[in-house]
Amino acid sequence: MALVPLLTDDEADARARAVFDDIRTTRANNYINNIWRALANDPDQLQATWSQVKRTMAPGALDALTKELIYIAVSAANNCSYCLHTHTAAARSKGMSEAMFNELMQVVYLASLTNRVAIGLQVELDQRYLQPPSPPAA
Amino acid sequence: MALVPLLTDDEADARARAVFDDIRTTRANNYINNIWRALANDPDQLQATWSQVKRTMAPGALDALTKELIYIAVSAANNCSYCLHTHTAAARSKGMSEAMFNELMQVVYLASLTNRVAIGLQVELDQRYLQPPSPPAA
Amino acid sequence: MALVPLLTDDEADARARAVFDDIRTTRANNYINNIWRALANDPDQLQATWSQVKRTMAPGALDALTKELIYIAVSAANNCSYCLHTHTAAARSKGMSEAMFNELMQVVYLASLTNRVAIGLQVELDQRYLQPPSPPAA
Amino acid sequence: MALVPLLTDDEADARARAVFDDIRTTRANNYINNIWRALANDPDQLQATWSQVKRTMAPGALDALTKELIYIAVSAANNCSYCLHTHTAAARSKGMSEAMFNELMQVVYLASLTNRVAIGLQVELDQRYLQPPSPPAA
Amino acid sequence: MALVPLLTDDEADARARAVFDDIRTTRANNYINNIWRALANDPDQLQATWSQVKRTMAPGALDALTKELIYIAVSAANNCSYCLHTHTAAARSKGMSEAMFNELMQVVYLASLTNRVAIGLQVELDQRYLQPPSPPAA
Amino acid sequence: MALVPLLTDDEADARARAVFDDIRTTRANNYINNIWRALANDPDQLQATWSQVKRTMAPGALDALTKELIYIAVSAANNCSYCLHTHTAAARSKGMSEAMFNELMQVVYLASLTNRVAIGLQVELDQRYLQPPSPPAA
């Protein structure tokens, strides 16, 4: 049960409806996920969040599926049930095979373990990783 | 300052030294990171952890660089300073460009935000994501 | 389903019932939340926790509503579903408007993102923030 | 040591420098914090992040100081050392007294404890908090 | 609803079934928990995880019940509902009394609070804890 | 560098000094850890925290060393560097051997991994763990 109502198209205000329309067009899909209907209670935040999703998840130096895998990994680390369900579905629809999902999760589990080794033992960083990165060439 | 000594090759016992040797061979690199020298105080755990790293990070349905990106994403979510430094270096040595790193981090930031939207508003999962996945075909 | 029974007034022991009574008096409300009925299995901890809640949430240099907002923010960061529901209700009953809730959540989302920027990029603290704070004047 | 170089004004590109300029104007302060110099390696993300900070931290239904307190609370929950230092300084410069800081932290500590009670005991939500919130009046 | 099917004995492949058999034998109990049926979709990971559980949870310098208590503590800190339920049941079956459970949780709550004090105030480590630990005697 | 000054005995007020004295007496040790000197800026919180530490860490159904192990486990999960250093030292002074420390950490690593399996795959709880616990006998 969300802390705010999930607004229908009729309940959402004009700005929120415009975002719904853009989501539908961008995704070529008429369905609007609950998270957007919840965010519609704050049209400013809805707009800002959607515009960041649109910009960030578009393919670039990384392809769209790799971005979904990274998104799932963060959602698993952050314990976001909603996000794990919706983005696993999204990744599958973008071509994630079950073998890819298994390997994604294997890395998530491994990093969960080794992160805890480094933190639990308070391992200090090796000198060789302490060199300042160089600025981009002019 | 680690909670346990970082064992030199001479201080490590025979089983730990055998793991050090396998790390050197597998990575074609003589350097042993501090995390392994810390784990060498518990040779059983050193062996189990290294064998899991070796198995998990090898290319399969996902290539080795994609696995490093996922690893970095989890390490950022888990706030593991040691892991962020060492795996960013590893990813760069495996071909991660600065554009790729930027996009990786963009997805990490976005998921951090939208995970918090879904959690903060306690958005309930859409019915459509609640279908039981089917078992593999016989 | 809690890991311990939610004790009714009859099942709770005398010390726990005394805390229930104080909660009822302090809040001018007969209802006892499930968290207190769960804690009643350990009357010492029930008493200690309630006394800390009573002391901490009372208005002081910060008013009672601001304290509820801070409480919600931490509960969102910690992914505590129970706490988000009960304290959002409490904040609304203390006068939190939907506009205030929206802005509270905007800051929670923003901090979730920028915290991850600072951590993900391992940004070192600017020298100017490293000055030791001075002790209070005698 | 950040994972990317902290770009000086000269090293930053034109878009990043424009953001630096807007930060300086908005804050009436010539100093640019390290987090912005780190983000300048990705001018798109720098611009998006700064525009969200500017929009979100401006006073509205909540005043600017209350927003800083919420920001600090989230940063404490997320263990962001950089953010705790910079935003505690910001809050002090906006009028946070030591008494206010103490009470802020008291609530953060309390919520950390009671969040863990609700989670640790897996307390189920009281029926009364499960009513769907009503949509805004037309 | 899990993201992968919970495989029955018939749906699991031969390697996964062999792990199921070893779980049954080791625990002298015919029931297989859902987590293993979910992991059975990735027999490699199932095998690796079970072998680590078997090795780690066996009594050694710490007895089996103390290990369960530590496991519950981590699961509470990590907000793992599934793990809290299953391991509290396991600990009770290994002899954890309600008094022990109460004290376990008291420490979990206390550490949640004092961890947040140390982090929230950014308390620097006392010099006396910064001495390097000595390597084991030859 | 803490966000508040670490108060010397002379800088602390009378109430804080009384807590310092009780710490010294209880621990039969003249040294006061930095965390108490930081908390001394808020004598109420100092007093409340110390009284909870004193009550909780005393032996009861669990012995003092087991409580330290649980404390370390939570501190590792919460990424509290200060707490890991101070409580590992405390546990060693109370008799924790290196073999015990290794096994403690093995369980912490394992739970970090399996918590992430249960969360990452969103495994639903087995029916058998959903029985309501019974209230204590009258």
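Letters A, B, C, D, E and F mark the chains as written, and numbering starts fresh at 1 in each.
Criterion: a residue touches a chain if its C-beta (ideal position, glycine included) is under 8 Å from a C-beta of that chain, and two chains touch if they have at least 3 such contacts.
Every value quoted in this text rests on a predicted model; they were computed, and no experiment measured them.
Q: Hey, what chains does chain D share as contacts with chain E?
A: A, B, C, F
Q: What is the touch distance from chain A to chain E, in steps?
A: The fewest touching-chain steps linking chain A to chain E number 1.
Q: Starting at chain C, find the fewest moves between touching chains needed to arrive at chain F.
A: The distance in steps between these two chains is 1.
Q: Find the chain most remote from chain D, comparing centres computed as mean CA coordinates.
A: Here the answer is chain E, farthest from chain D.
Q: Find the geometric centre of each of chain C and chain E from their Cα atoms only, then give the gap between the two centres in Å, rounded to an integer.
A: The mean C-alpha positions of chain C and chain E differ by 28 Å.
Q: Need the CA-centroid distance for the pair chain E / chain F, whole Å please.
A: Once rounded, the distance between the two centres reads 19 Å.
Q: Give me the residues of chain E that touch two or more other chains.
A: As it turns out, chain E has residues touching two or more other chains at 1-4, 41, 44, 49, 52, 76-81, 84-85, 98, 102, 105-106, 108-110, 112-113, 115-117, 119-122, 129-130, 136.
Q: If every chain is a node and each touching pair gets an edge, what shape is that graph: line, ring, star, complete or other?
A: Chain contacts: complete, every pair touches.
Q: Looking at the complex, which residues from chain E come into contact with chain F?
A: Against chain F, chain E makes touches at 1-4, 6, 31, 33-35, 38-39, 49, 52-53, 56-57, 60-62, 66-67, 69-71, 73-78, 80-83, 85-86, 89, 97-100, 102-104, 106-126, 128-130, 136.
Q: Contact residues on chain D for chain E in the complex?
A: Interface residues on the chain D side: 76-77, 79, 81, 84-85, 105, 108-110, 112-113, 115-117, 119-122.
Q: In the complex of these two chains, what residues of chain F are touching chain D?
A: 1, 3-4, 41-42, 44-45, 49, 78-80
Q: Chain A touches which residues of chain C in the complex?
A: Counting only chain C, the residues touching chain A are 79, 84-85, 88, 98, 101-102, 105-106, 109.
Q: Which of the residues in chain B come into contact with chain E in the complex?
A: Per the stated touch rule, the residues are 1-5, 7-8, 11, 41, 44, 48, 52, 55, 129-136.
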